[in-house]
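Here the chain labels run A, B and C in written order, and each chain numbers its own residues starting at 1.
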Amino acid sequence: MSWITKTLTSSIGRKIIMSVTGLFLCSFLVIHLVGNLQLFKHDGGAAFNAYSHFMGTNPIIRTIEWVLVLGFGFHIYEAFALTRRNKAARGHGYAQWKAEQNSEWTSRNMGILGTIILIFLIVHLYNFFWRARFAGDLPKMGGVDLETADYDNLYLAVVSSFHIWWYVLLYVAAQISLGYHLWHGFRSGFQTLGLNHRKYMPLIKYAGYVFAVVVSAGFASMPLYFFLFTNERGDVVSNAPAFIQSVASAF
Amino acid sequence: MLLDSKIPEGPLAEKWEKHKFNVKLVNPANKRKYDVIVVGTGLAGSSAAASLAELGYNVKAFTYHDSPRRAHSIAAQGGINAAKNYQNDGDSIFRLFYDTVKGGDYRAREANVYRLAQVSVSIIDQCVAQGVPFAREYGGLLANRSFGGAQVSRTFYARGQTGQQLLLGAYSALSRQVAYGKVKLYTRSEMLDLVMVDGQARGIVTRHLITGEVETHAAHAVVLATGGYGNVFYLSTNAKYCNTTAAWRAHKKGAFFANPCFTQIHPTCIPVSGDYQSKLTLMSESLRNDGRVWVPKTTEMAERVRKGEVKPQDIAETDRDYFLERKYPAFGNLVPRDVASRNAKQMCDEGRGVGSTGLAVYLDFAEIIQRIGAEGVSQKYGNLFAMYEKITDENPYERPMRIYPAVHYTMGGLWVDYNLQTTIPGLYATGECNFSDHGANRLGASALMQGLADGYFVIPYTIGDYLAATAPKPVDTQHPAFAEAKAGVEARTEQLLAIKGTRTPDQFHKALGHIMWEYCGMARNAEGLQFAKKEIQRLRKEFWSDVRVAGTGEELNQTLEKAGRVADFIELGELMVDDALARNESCGGHFREEYQTPEGEALRDDENYAYVAAWEYQGENQPEKLNKEELTFENVKLTQRSYK
Amino acid sequence: MAGSNPNAKPMNLTLNVWRQPNRSTEGKMVEYKVKDISPEMSFLEMLDVLNEDLLHAGTDPVAFDHDCREGICGSCDLFINGRSHGPEKGTTTCQLHMRKFSDGDTITIEPWRANAFPVNKDLSVDRSAFDRIIQAGGYVSVNTGGVPDGNEIAIPKDIADRAFEAATCIGCGACVAACKNASAMLFVSAKVSQLALLPQGKPERKTRVENMIEQMDKEGFGACSNIGSCAAECPVGISLENIAILNREYISAKATSNNLA
C-alpha cells in the first residue's frame, strides 16, 4: 500500500474524507438553496427555469457536477465503511447503555439520518434530475421567447410534485433529518480536520447550528409553501394568509 | 555475618564521583550477553529497567498490574525534591543532604543520602527532557513549592499529580525500550519466589494472575523494586495490591531485612469513616503550606463538635488551639511528618479530637481563602479539594477538612550496601523496597527522588560493576534450582486452597492490621509489643488452619492472591514487632513511649542505637538474628531534632 | 464505628453483575442482593461486601480490577448502570460513593465492552492494547543522562498547563467503553497533544502520531465520530480539543513527513 492509500484508509483518513466531502456538500447545499429560492419568484417559473437550464447546460457546472457526484459517492461509501468498522469494534454489546446521558442523539445517529437523506436523494434525483437530464419527459416552457420556449418547464414539474402529499411528507422528513445531520456534521467536519481552537470553536459550533436550521428550514419551506398556499400552477391561492399574499406579490 | 556497607573512601562530596570511576565496566558488546530481571515497574523499577536496557542489557520487567503505569508511585501527590537552588533561597546539595539526614532522625547512612542529594538535580533534568509537564512560572521556568521539614523551596511539582507525571515519564522510557525489544515486559505476573544458584540470585518464580500458570525466569542479576509494606496495617494510604511478598521471599532466601519497624505515619489523611473502610486516602502534605491545623481548646467544646451541636467554622478564634503553631513556632504547620502525626494523636488522646469518631483534627483553609480567594485556592489545590469532597461529602471551602494520621510509607526494607545490593550477591533492591536513605523518617517529596535516583542514576553503574567483577555464568531455567523453587510455590498454592476454613483473607488481614496499628503504630511500648507478638503468632496459626480461599489456582483468583500476601504480612508483622522491641529508643517514626523528653518529643539514644538493624532469617519458626551496621556521622552533628 | 454522617441510613440493593469464568467461556448476568450498605461506602467497598458474602457462602467472588482506590491509577473500570464509572461526572469507580444510590436500587455492573479489551474474567478486562499504542511512540526518545538543564528551555506557563492537562490521562479506558464506536481516540490524543505541545516532543512529532495511529487501528478500536461521550465520561476531564489536535497532527504529519511507507 502506498502512503496515500494507507493514510486514506486509516481510521482518521476515512474521517478526513467524510469531513472534506461533508463540508463540500455543505457548500453545495448553499448553492442549491440559493438557486432554488427562484421558485418563490412570482413569474410563473421563468427565472427558475432559466436558472435550471443554465445549471443543466453550462460546461463548467456540468464538470463540477462530477465532483459533486464523487463528493456524494465518497461520503456515502465512507459512511458505510466506517459504520461497519465501528460496529465491529464492539462485538459484545452492553446490557444497559445510557448514552443519552453523555452525548447528543444526533451525534450518535448520523448513520440513520444519513440513510433517510439517501432514500430521499434517490427519489429526488429520479423525480427531477433524471427526468430533466435523461428521460426528457418534462413539459416545455413554450411561449413567445424563442430562446426559452424549448427550455424544460422544471418549475411546473416541481410545483405539481409539491402537491402530492406523500412527496411533501418525504421531503419535509428528509429536511428534518438533514437539519439534524448538519447540526452535528458541520461542527464535526471542522473537528475532524483539526480546525479547533478555544477562541473559534464556539463560533464554529453556533454557526453550524444556524447553518443547520437555515438550510433545512429553507429547503423545507418550498414544498410546504406550494402545498399549502398555491395552486398546481404555482399561483398563490386566494385563501392563503395575508402575510403570504403580500410577501409573494413583492417578488 | 559482618555487614559491609561498601561505602567508598574519601571526602563525602567526592565519594560517588570516585566510586563511579572505580566501578568495573561491562564493555558494550558484552552487555547484551547479560540478562537482568527487574521486578516492579513503579518509579524505581521502570527507571531501572529503561536505563539498563538503554545501556544494552536484556531486561525482563515484571509487574502484577495489567500495565506498568498502574504502580502506586502514581499516587504521590506533592512533589519531588531537588537541590537546584532555582529559588535563590540558599539551597544546596549539602543542605538537602543535611535536611534529609536530620529529618530521618540520624538513622540513615550519610554517604547514601549525600549521593541522593547529588543526583537529585539530574533527575529533574531527565524528567523535563522526557516531557514531564512540571509546573512553571509565567516566565516559562520551573516552579517550586515548599514542603515539610525544610526551610527552602526545593520541591518540583505537577499540580497534585507529581507522582503520576513522573511515573508516566518513566513508563514512557520503559515503553520505548519494550518497542526496541530490549525490555521484555511481563504484566499480570506476580513474583512468588527468588531462585538462587550457587549462592547468587539467578532468577524468579512468578504466577501469571490471569492463567494461574507458574513460570520461572532466569537472569544474571535480579533487581527488586517492589515498593513498601505499609499494607501490613491493612488500612494505609498504599494501594490495595501493595504487598511485601517479593521482598519477604527474598528475605527468607537470605536477604537481610533492615529497620522493619520504621514506618511513616502521614499526618494529613482523610479519617476512617467505618468498619468497611478498605483504604485511606492521603491529602497531600502540600496542603500544610496553607492549611492551619487546630482542635478545640477544651474537651467540652470538642465534645459539642463531635455531637454536631457546633459547626467548626463557628468556633471563635479564642476557642481554637493551633497546636503546631503554638508548639513549634519556627516550623509551625510545616514540621516533619512524624512530629505532626504524633501531635495529632496526642490531641485526640486528650479528648480534643473532632469528627463523629473523635479521631480527627482540623486542617483549616479559611485564612488563605480570605487572603487569595476561593479561585486562587482552587488553582493550587482544586483537585485535592474535589477529592476530599467526593469522599466525605463535605465542602472544604466552607468547613475545615478533617484529617488524621495514617500509615503511608515504610522507611525499612531490604538491607542494601552502597551499591544497592542486598546480602544476596546479584540481588538488588531499589526505591521503597530498600531501607537506604530515609533513616527513621522520610521527608515529604523525597520518595519520588529516591526511587528515581536509584533507578536512573545508581543501579546502571553498580549492577555493571557486579556483572563485570563476577562475570556470572549463564544459567537457564533447566537448572534444578528453578524446578525446586517452582515446586515450592505450587505446593504453597495448593496448601492455601486445601485449608477451606471459615475466615477470609481480608478478615485475617484486618485482624493483623488492628494489632499492628494498636501496638506497633504511632506509639509503641514494650508491654504492648510483647502482647502483639503473641497475638500475631496466634493469628498466624489460625491463618494456616482456618483461611478460606474459593476457586482454583488455574484462573484469575484474587482471593488466592490476597491469601498469599496476607500470609507474608503476618510473618513480617512479627519481625516489625521484634525490631520495635529491640530498639530501646525513640527516633523518627519509631516512638517508644518509654523514651521521650519531658516535652513529649522522641528521645534518641545515639550511644547505643545509632545502627541499622538488619534481621537475618534463621528458618521457619526460628527467631531472627539481629545484625548491626553501625552508623558513623562525620558530616552532620547529632542533635535533638528541634523544629521549635 | 459510626460513619461521618450519623443520619446516613443503610441500604439494601440488587446487583446485576456480569459473570464470565474466562476469556473463552461465554458469560451471563447474575443477580445478587447486598444488605446494610452504608451510603458512606465507596462503590468498590460495596463490592468488597458482596465478595466477602460470596466467599463465606462458598462461591467464587466477583473478579474486578482496582488498586489505588483514590482515582489515579486507572485500574478500576466498571460500567455501572449504562455508564463508564457510573453516574457521577468526573469520577472513577473507586471514588464513586454509595450515597449516589438509593435504598432498593438495582445496579447493573458490566465490564468495559470493546473487542480490543477482551474480558479476562467477570469484570476484569485486558487493556494491554493501550500499552502497545504507547510503545508505538508515546515517548520522547531520550536516554538517561546527557540531557540539558531543566531550565534550559523555557516553556510558557499556558503551554505547560495544557500539556499537563492532557498528560493527566489515567489510561482507564472509560473513553473506549463509553464510545459508541469503541474508539480510543481520546486516549491517543491525550498523549499526542501533550508531546506535540511541548518543545521536547517536537523532534519526533511526525513519526509519533503516524505510528501511534497505525497501532491504534491495528488493535481494532473504532473510528472517532465526534460524539463526545468519551470526554463526557472521562474521570479526569480530558478534553475533546485533544482529538482535534490529534487530527491536525496526523494530517500535517501525513502530508509532510518523509515516511513513504
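To be clear about the criterion, a residue touches a chain if its C-beta (ideal position, glycine included) is under 8 Å from a C-beta of that chain, and two chains touch if they have at least 3 such contacts.
Worth saying up front: this structure is predicted, and the values here are computed from it rather than measured.
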Chain-chain pair with the highest tally of contacting C-beta pairs: B-C
Central subunit by CA centre of mass proxy: C
Chain of greatest Cα-centre distance to subunit A: B
Cα-centroid distance, subunit B relative to subunit C, in whole angstrom: 26
Distance from subunit B to subunit A - Cα centre to Cα centre, in angstrom: 65
Subunit A-subunit C separation of Cα centroids, rounded to whole Å: 39
Residues of subunit A touching subunit C in the complex: 2-3, 6-7, 10-16, 82, 85-86, 88-99, 101-104, 107-108, 110, 184, 187-188, 191-196, 198, 201
Residues of subunit C that touch subunit A when the two form their complex: 16, 18, 29, 79, 81-83, 87, 108, 110, 113-116, 178, 180-183, 185, 213-214, 216-217, 220-229, 232-233, 240-241, 243-251, 254, 259-261
Residues of subunit C defined as touching subunit B within the complex: 1-6, 21-22, 38, 40-42, 44-45, 48-49, 51-52, 54-56, 58-61, 63, 65-75, 90-91, 95, 97, 99, 120-121, 124, 126-128, 130-131, 134-145, 147-151, 153-157, 160-161, 163-164, 167-168, 170-171, 194-195, 198, 200-201
Subunit B to subunit C touching residues, read off their complex: 47, 50-51, 54, 65-72, 74-75, 84, 86, 122, 124-142, 158-159, 161, 163-165, 168, 171-173, 175-176, 178-179, 185, 187, 210, 237, 239-241, 271-279, 281-282, 308, 355-357, 386-387, 390-394, 402, 456-457, 460, 502, 504, 506-507, 548, 550-551, 555-556, 558-559
